[in-house]
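Here is the structure we will look at.
Naming follows writing order (A, B, C and D), and every chain is counted from residue 1.
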């Protein structure tokens, strides 16, 4: 931490700051300039609040230097995290992995058809929501465990893996037999109790960025899961809220290369939620691959016009097939492949 | 709902839209202008997604007209909600109710001293966190139930009521004997499972606005609690995230009168989190009262410089006393009082 | 400036950074910790870009310490700036000064009536736009100089002062005979050429905060005017853009006390643009006074329903009168007065 | 326009709204539902303010239906706008056009070298600022006309075209002999007087999106230029402000396909300002091409570490060459080419 004192700071002010820094566990180096004193705190105390120093007498400003996350940082595992699944799919390697499927599980027929279409297009994961976070209590809230049974069966028939959202600690245990990846939605990115529990699970997790979260906050939330010992973690950019209302959210494509630099964790893009309208999903999907994504999470529905949720942003099956073909052509330009070589 | 068709929309496009509207339960009134057709959907289907229409062929735009919340709307209870507590305090009446105390429960001495100071200043509620949502897993996470025992004892000795944050469904039951109000924090505003459970509790709830939430989203989250049958609900503006970084958040003072218009629920302001630096808290507290708040939630600590969390935004006890005195003078100008007449 | 090097930074990296700092005019103090080197740059070079250091090899992060504005800083004139006008009105003193009037100058009758109503209510300035920045080229663009003639005449008859918006350098000269204060609108807050010219004028300026501007950016824009030698400058918070769409903008009431701390310049609030709907203007006006504003800028129209622009946010004359009366009662609570003692 | 009345609206309320609609030039169609009246205003009055209706008695909400821009809309020229330049370069056709060069013109040597490097890499335009909008009055403000002379000479020697920023009406005339495209910066996107003047010029303009502007606001600003008769207009996404501070701005890649749908004007991406750090520029450049951009505007400097402005986001010449090669491979996947076939 660094504390820059005001020009008019008294020696008493300076001593108060130094004392508090030492109390927290810092070694303090003092630089005395012509008009200003600067205090550099070296060391790495377990916790401190930089704002505390900002409001102390005589302080101009205070800066945290060490990043507040450790396990999520790229330097913890410079070569990057790879997660290998039972059907041989590797996330975090050369392949850009496609996860697709409907927003909600609605019926056995819908899911089996979806799974066949995803597999045919070259996808490796079937996505689908059995528990749905809906902003209105009057909207469809999901099928629950019976929905997951349907997903598991359809995925097994088509050699796909299952990813589905967990919203609540009490859902973890019952979901375990059915899913290959627990998805944590944007609204739960800072549900710290849920994150902590997922750190104790031995199953991969995909953590989505919150709509108003900074990249540092995403990494701090990742730290909760990693700190529990679960290192099979993926992150996902799925659009942030901005002033633009024509799109549902604004997909921060730059978050993909930035996260790839700052962390060793695989980074996905979700253009369906990112843009919210079907016709723009392919453009953002290709952009995500061009920007270095390790995978894409996309909504596709056998019949989007009849979907019980998010139909407007779900691709038609043919669109998915065509898009994956474009991705296959694009990936090698950035040193990757889609669907395995 | 209203659907405005494009100038070049074909009759087939128009019929598709009408069919889907009827299917959802709308009565459709068609207005045919010189260049444009407008379809007004009258009726109130339980659920529909306006985006679905926005992406249909030939559609220019679609608008939801009915507000998506019912029980939270002002028209449900035009006279406003009043909540009466066992010590006679009424929230939602003429009194602007003061809730104050430290961010975290740290010790018995700290809390008893805080309670005495809050009571002396004219506060009616003791606030304090036993479960703390912290963005870093390495920060102090709270004392849990022993902290609540301390709060209850201190509050009883000083004739105060207890408000404390609940973060997780599993905490509701154990907290019940100790709190008078469950506080739902900004990060949990869209933790819908938690909200639903709190709807089944027979104890008042104070729901804070999320840092990126619109006012409509706050009211939809309120609807989750009300729909469960718990009508003793208060809302709280506590600052939203903006581009300004000098303040911790930006307190949306206008949300106070806007909420007072749109809903019958009492509306609090939390200037401590709203601005995040002690020296600006009084200005925002007075502004909140001037703007019509039903109460204030503020952080005060017997010794802010030694606080385990949020010390930078906690008032000194003397500041609280002085501020409440200013509030007492100000409230009558807007037809209210502080501390009872 | 402070540069924190990465743990793995080489001595060559460190030397490159030191060389560049010295080249820019800094004296460099080096702190070598167990794992990390920190470089403190003391001195105050005329210009440098902190981002340049952030992308250098081996650098973890770089921080600007000195504030980039000088003349606008509170320490330049700790006692605060007072501006005295020819009718005796003082801005920046104990009085909270009221400026009111219609959005646009529409006719002689409208303006004369407005002026009488503003003066009767206790206002000191007549506001009104002769040049209008409109987001659509098809909207009413203002009356120009004839409008200013009308304002001047009406203001002189009622002992008011005139404030009106300047949008373009070429308008400064012709406006000079008519206005007492040049208003710079939010959209022109970073029209640096215009600001620079206004620095050479010997007439007070009121500078509005841009809708996405930080407080530091407001002060940097102020610096352009001050650097030209024009010290009669007022700032104005008028609402920033947030995700909330129910209000036109979100008035950042906290910007008022923050600016009062950071700068010596008088600070106004404009609740009309801040909230955009008439019914909420009084609440935000009172909140602004409670938060320490030196004055208010408000829209009032003799007949808002027929206004050519911004009718929805213009107060009725009676509302203004009533509001100023409330302000008169409120101001003494924060050590001020309205309308002179 | 559509006005939805409240359930409890009286007939007098309804008649007031109808009268005002008729007064503005609408034909009004009334739909009377069981509980609610809806008024559809057909016709296209030159100007009206939808907020005016939102605050009228008995009104629940009011919606503008017609888009407020006409000439900028895709339907005005469905086939898209193509701009042909004297060296044969066509913007808006199949080629994705590269514009590159330094942020600021610094010297003859720097610019000539830059031009050679841009031309060698496959660029068609030389960019460079002679007038610089800087947030601090103490930063380098540009070389002015002598800088433009240097650019013209270098561009002519290398068969490039010149694009440079205009900040002020008074600069238009002197710049005319030197530039092929006038660039309007983000801070001037709503400098309506400047836009209006550029509408009267017979030279292409590239208009950048403001950092907090919606897409509709960009199109309204475009309308100012088009309404003056200048149809040779390009738009440019260059990053918007969000809560993320690790990147300078957040490049809204989705704005590219959205603009391509809504308008006939060519759409550029500026990844240099979009992300602000050199290492991430290639990822965002490729993403922009993948998303359908008609061209890219990028900063490149012969020696970025010594640049007088924006060095941190300027590519090295070799990086530009490599990036353009990747773009050449990528473009055909989305039906385009780079550098001509």
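The criterion applied here is as follows: a contact is a pair of C-beta atoms (placed from the backbone, for glycine too) under 8 Å apart; a residue touches a chain by one contact, two chains touch by 3 or more.
Because the structure is a prediction, the values reported are computed rather than measured.
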Using CA atoms for the superposition, what rotation angle relates subunit C to subunit D, in steps of 5 degrees? 180
Which chain pair is joined by more contacting C-beta pairs, A-D or A-C? A-D
Between subunit C and subunit D, what is the gap in Å from one C-alpha centre to the other? 27
Separation of the C-alpha centres, subunit A versus subunit D, in whole Å, is 31
Could you tell me the distance, in whole angstrom, between the mean C-alpha positions of subunit A and subunit C? 39
At which residue positions does subunit D touch at least two other chains? 212, 241, 243, 245, 279
Mind pulling up the subunit B residues that touch subunit D in the complex? 2, 4, 7-8, 27, 29, 31, 33-34, 36, 38, 40, 42-43, 60-61, 63, 65, 75, 241, 243, 245
Residues of subunit B touching subunit A in their complex? 20, 46-47, 49, 51-52, 54-56, 68-69, 133-140, 167-170, 187-188, 190-193, 196, 210-212, 217, 220-221, 223-224, 227, 241, 248, 276-279, 305, 309-313
Write out the stretch or stretches of subunit B touching subunit C in their complex. 212-216, 240, 242-247, 250-258, 261-262, 274-275, 279-280, 283-284, 286-292, 326, 329-330, 333-334
